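Note that the chains take the letters A, B, C and D in the order they are written out, and that residue 1 is the start of every chain.
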Amino acid sequence: MEKIRNNAVVKKIGFNRLVLCGILLLMYILFAILSPTFLSYSRILSALNYAYFLGFLSLGVTFVIATGGIDFSIGPVMFCAALVSGQLLTKNEWPLIPCLVVSILVGTLFGVINGVLVAYGGLPSFITSMASMMISKGLGSVFTKTQSVSWPQASEANGWYRNLIRLKIGGIQVPTGLVILIVAAIICAIVLNKTRIGRYILCIGSNREAVRLSGVNVKKWEMLAYIICGMLAGVAAIFFVGAYSTVQPGLGDTYNNEAIAGCVMGGTSMSGGLASIGGTLIGVMIIALLQEGILAMGFQKDYQYVLTGVIVLVAVYADIRSRRRRN
Amino acid sequence: MKKKLLSVLLCAAMVATMAAGCGSKEEPASTPAPETKEETTEPAADAEEEKTDESQAAGGELHFEIVSKGFQHQYWQAVLKGAEQKAAELGVTMDFVGPNSESDIADQVQMLNNAVNKKPAAIGLAALDTKAALDGIQAAMDAGIPIVGFDSGVPEAPEGAVYANCATDNYAAGELAAEKTYEAIKDRIANASGTVRIGVLSQDATGESLISRGLGFIDKIGELIIADGKTVNVVGNQKFVDDSKCTKTDGADVEIEVLVPASVDSALSATDCQTLLNKADTIAIYGSNQHSAEAMVTGDENLGKFGTGEGDVIAVGFDSGAVIKAAVKDGTFLGAITQAPVAMGEAVIQTLYDIANGKTVSDIDTGCQWYTAENMEDPEIAQNLYD
Amino acid sequence: MGEVILTMKGIDKSFPGVHALDHVDLEIRKGEVHALMGENGAGKSTLMKVLTGIYSKDEGTITYEGKEVTFSNPREAQAAGVVIVHQELNMMGHLTVAQNIFIGREIMSGGIIDDKKMNEEARKLFDKLNIDIDPTETMSRLTVGKQQMCEIAKAISHDAKVIIFDEPSAALTEAEIEELFKIIRDLREKQLGIVYISHRMDEIKVITDRVTVMRDGGYVGTLITKDCTKDDIINMMVGRVIYEDPKTESTVPKDAPVVLRVEHLNAGKMVKDVSFELHKGEILGFSGLMGAGRTETARALFGADPKESGDVYVNGEKVEIKTPQDAVRCGIGYLSEDRKRFGIVVDKTVAENSTMASLERFMKGIFINKKKEDQVSQEYVEALKTKTPGVDQLVVNLSGGNQQKVVIAKWLVRNCDILIFDEPTRGIDVGAKSEIYHLMNQLVAEGKSIIMISSEMTEILRMSDRIIVMCEGRKTGELGIEEATQERIMHAATLRN
Amino acid sequence: MADNQKKGNAFTNNPIVKAVGTQKIVVVLVLIILLAFFSAASSAFRQYSTILSIMDYTYYLAFLGIGVTFCLITGGVDLSIGTGLVCYGLIGGYLITHNNIPVIVGILVTLLVGVLMGTVNGLIVSLGGLPPFLATLCTMMIARGLGSLATSGLSVNWPPTAAENGWARMLFKIEVGGVKLPIGFIWVLLFAVIMSIVLNKTKPGRYIIAIGSNKEATRLSGVNVVKYQTLAYVFSGFFTGLAAIAYANTFQALAPGTGAGMELNAIGGAIIGGTSMSGGMGSIAGTILGVFIMSVLQTGLPNIGLQANYQQIIIGMVLILAVLVDVFKNKKLA
């Protein structure tokens, strides 16, 4: 075991991440054995559909969790962004590009609200984000007059955004969304590990006061984490409608939990200071596969709620235990 | 580090146990390995495979996938019952699934995709939102799996995908409710000195069947009122205000107020009902599904204004269930509309079966009925009333 | 002194990476006050925590009243009559004084807590001890000294047979210490065994009967107080003589320019109208008792806490310092007394900590220039002789002294000319201590200026060029090193108005 | 010593104000202003039945609030109470309607499930050391799933008043001479008084406050902090069960997958009532008052013609405001 762990390649990728990959594979094989129809390309595409938007949510919330905070508003904010921009697209007949920008802006706006309240107002992040969750639900509902909004299909005018998710080349569905998600993850990883934003975000999560006393404007950097998170929720909105077309007001809170679950499974510590973008990505894939698998076996979605809850509990407990042992 | 590993393994173990539980549960239900040919994950091979429809190749036993709108309301249990009865009768197997609530569109899309991936002989679908389901419908078409719509059907589906609909015409159901309501309040509107108010409670403004039921009611009652020389205005929820077809006049004789709660919460809907009842000019309230109608019963408990007598507020519900049935029976409700869920369930399976056996099928309107204290014992109606 | 009531023999305790207690012995008799002495980190508190069941021991035996015992939690220890008055205050700020004193053993009447009775009992207790505190007052509203007295009262009220005082006098005023000693003598009369942990040599001579000295987690020896001198004890505590003699005269030239002037600084309850000057190349010592407001002054000056009023001049220019950012911009660096909380980011690397305050200098476009970062950090690792396998080492793995050096490096990388050292050697082992001293001397020689807050008299006398003494948030004395003596500092530190 | 006691202004030093607490007086004033505002703005609001509506809301919110106040006082929080309410109510109701067990047994089962879930929450937090908001978030999801699984996704109606086993509804509302009386408030008051005594006059309450004030010190005082911290969540679970019964017997229908969001109303009410998010401070009476504000808002807003979506926004903002006040208050105390 130690030998594998100290192998240079293993070290480079990270032992935990390899284990996670192994589990992903194991789950896939398991589902394939138990449900013969599981082994099909369209299944993978279907699971990926779920992974895209969840991936962006998870990437975003990773930054917030890295500061030691939490954001419970991402799911509803994603819906709010998709509702507002979708309304502009379908009812006000705006061109597509500005609508996509609006979607990201709406997400960013909520990021700013959360960030200002938490970083500058000193409010606990969980209660703040829960309050903004309610506000985003209400806002999306007000803006669309409580209706659901259906984004255009690939074949319709303005439907090309769907190619962001999958592109049909020569009769084969190419999961372009996966490429984009991976590129986004790489950018996030660079931001987190190689830039000042990331450095300060991680350090704030580790010891906010020490960073502040080093003369760093912690409020600004902490707020930035929430803004990045909100922005990515806005991006997630595009990928959600790209996969599922329709959004309706008043929903989205279940996705918070799944995004956070992906994060903590990937090795991001809930107490802050420790984050892994690669891990988050794999964590999200596991959640997506789990959801696909549960459906494939004909189980109610409820099992997923229960399972995700238990997974997060176990992951957080493990994190706390390992921290306790270190100190 | 070790703990982390342990935790991850634990998760895996959980998944495994769950999966194992599933395996043992599924075994007796379905015949072993309906799929004899080799499956690959190669995309090219997969695309090719989709062209050949071999879903009913082996064994000859038919399997259907039914994607419903969820089980929150007893209504769906009745549909399920009808479907199960018919399936047993015809000797076919089916999976009957549905999302957690009628707002979980994304979940239903996943379920539809999943159903297509299982390659059944045919799929029964009650789409929460057709546009969201289009990808899945397209995939079913590509795979040559016929779809039969039910409940509200699959309106605006692409050409050739849906072979038939076994549906309630929700708009017509709304209209029926409007006619019956109008009969009861006609005189009051005619004799009213000031504005009178008709309330409409809708669980949400996103599901197509609820929108149709609401709009059918509003449009029809508006039409009837205008025909009698009065004016109408629609206020409240913007969706209904914008989409209703009746001519709206400010300061009209009759105001139709539509209320939609922020979430599916009986407390919120009950409050909406009370808000309406507290307005002195309210003469009738219509609740467009089980949730809303039940909330009307609850909401009225504080005020006791519903009834059929002089000065009472007329209440009209939709669907059945113990609470609503009791309300109709004791005269709190003027009456309610019921669909024919059991018949619908049976019809869906029958239609699917016919398609699988190569027969041509056509749309079936499973219909709706108006029931009151008087006629609710009639066998014809009683069979569609459930607890 | 009566018979032996408690014996600890061969107590051994390890934490991951630290051998905290190495076969320590201790013997307490009835009716004695037994001093437990040692440098910071010598293991006194750990030993007491093992005794009272907060930590479990790895090895060794505890014999109490003739029977071998192991307390698995403080409650058991209390029940048996072994209680501790903690160094850190252990109070529930939201509860009243009486509720605090009776926590865990409330007086009940019919299933309901009888607060009235508890207040009465508390009042009786205070009367007995001659303490003037209202039992119904909310705890958080009392001064630190009064809170400490409540703690002591609480311990005594436990029907204790052995009471451990863990540095009880640190926060007390002269008068309160007198009261405390009266209480302790009273308890000795009643044949209780008392363990008294303190750093103050004078107190030890006044109040204790025997002294046990610990060093680096080990047992050094036990002496009869009246038969030994201060020097004997110090020698045992230190082991080797590394303390140089006190500084006799200032090394700062008379005409050295003033780099920092603070005028009429007010902040909260703990900083009242503080004014002082700092010269170039000077080490300005800040002395005083715990809770005198020294750290608060430093934090307010640094912008870490809000200040109400006061002007700060850096190099003669008036500056507005509202946040640490402003302070750092003015070239002020602050090394906190609580390194782990306020100084370092423990689970980040040496390099990351070193560049924390000046990251903008290490940017290449939007990216961090890792190479330059490592290189500069390496330079400071070498310059400060920080013992670390490399700059990629996580700071959590370094010893206290080396962690402190990383914090110093952080400010040096930032080019700060004014450094505030708040208890620079707290929790650092003896050898590393002198290295830090050496480093500070080197820094001032290079033209930096240092404010050094220290509770250790020897440290103050050895390092400072000038000494400012504070008491209860006010500046109560300013002494040149030439005129400073322990007595004069102590006098100023207890000067109240 | 002179600065032994913090100085206040004339108002806060008034003995009556001191005894009741400034915040509670402000809350009462706000409540009166709200009621006056809604009454002025809407004639429909000025009716006896409005009181009944407000009470209907208050029952379950008050029970949720009482429970969660204990968690808040320990410095934690319980987010699982919203979906928990639905889950427990579904299980109890399902057994009554589908398995024909007597209503009293159904009520007991509901309470028992609540206590069980509360115990699980408490143990995860106290023994596992997980942050309360995270632990209860997980159980919130779990409760959501479990409720749905227990009834196979079916919504459940508790027996209506007219039914022979509909007596439970009369616990909350009875009709005397044609007038409906909101007697459920008696239960709320009863439990509020009992829990007030528990909080202020018994060991569990004392230790729960102590834990919230300084957990380590409490532990060192020899108090079994694990036990009492767990107990706070058990209280929360029990009262969620009570709330489920109140909800089921005022609004009848419970739908699986719902309930998320109720916890915010209850927590918001508790914080408005002066219970601090940072622990150590709180009162049951305050919570009841705070919850009252929430239910007046819920009942009043539709009456002035605000659609549901606006209500959500307003409640979200009220929550932020309440927490801001709490944070500000704590800063001033420190």
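Note that a contact is a pair of C-beta atoms (placed from the backbone, for glycine too) under 8 Å apart; a residue touches a chain by one contact, two chains touch by 3 or more.
Bear in mind the structure is a predicted one, so any value in this text is a computation, not a measurement.
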- Number of steps on the shortest touching-chain route linking chain C and chain D: 1
- Item | Two chains sharing the most C-beta contacts | A-B
- Compute the centre of every chain as the mean of its C-alpha atoms, then state which one is farthest from the centre of chain A. C
- Message: Can you work out the whole-Å distance between the CA centroids of chain A and chain C?
- Response: 45
- Quick one: report the Å distance separating chain A from chain B, using the average Cα coordinate of each chain. 32
- Query: When the centre of a chain is set as the mean of its C-alpha atoms, what distance in Å lies between chain B and chain C?
  - Reply: 70
- Item | chain C residues counted as touching two or more neighbouring chains | none
- Identify all positions of chain A at which a residue touches two or more other chains, and write them in rising order. 137-138, 141, 146, 249-250, 300, 302-303, 310, 317, 325
- Message: Counting only residues that touch at least two other chains, what does the list for chain B look like?
- Response: 100, 104, 237-238, 260, 262-263
- Note on the structure: So the touching chain pairs work out to A-B, A-C, A-D, B-D, C-D
- Across the complex, what residues on chain D touch chain C? 1, 3-6, 197, 201-203, 206-207, 209-210, 212-214, 216-224, 280-281, 333
- Note on the structure: Residue set of chain A touching chain C in the complex reads 190, 194-196, 199-200, 202-203, 206-207, 209-217, 273-274, 325-326
- Flag every residue of chain A that touches chain D in the complex, lowest number first. 70, 72, 117, 121-124, 126-128, 130-135, 137-139, 141-142, 146, 249-250, 253-254, 257, 260, 270-271, 300, 302-306, 308-310, 312-313, 316-317, 320, 324
- Query: What part of chain B is in contact with chain D in the complex they form?
  - Reply: 70-74, 77, 98, 100-101, 104, 236-238, 259-268, 270-272, 274-275, 277-280, 291, 294-295, 297-298, 301-304, 321-323, 326, 330
- Query: For chain C, which residues count as touching chain D in their complex?
  - Reply: 54, 73-76, 78-79, 86, 89-95, 99, 103-106, 108, 111-113, 115, 137, 140-143, 146, 269
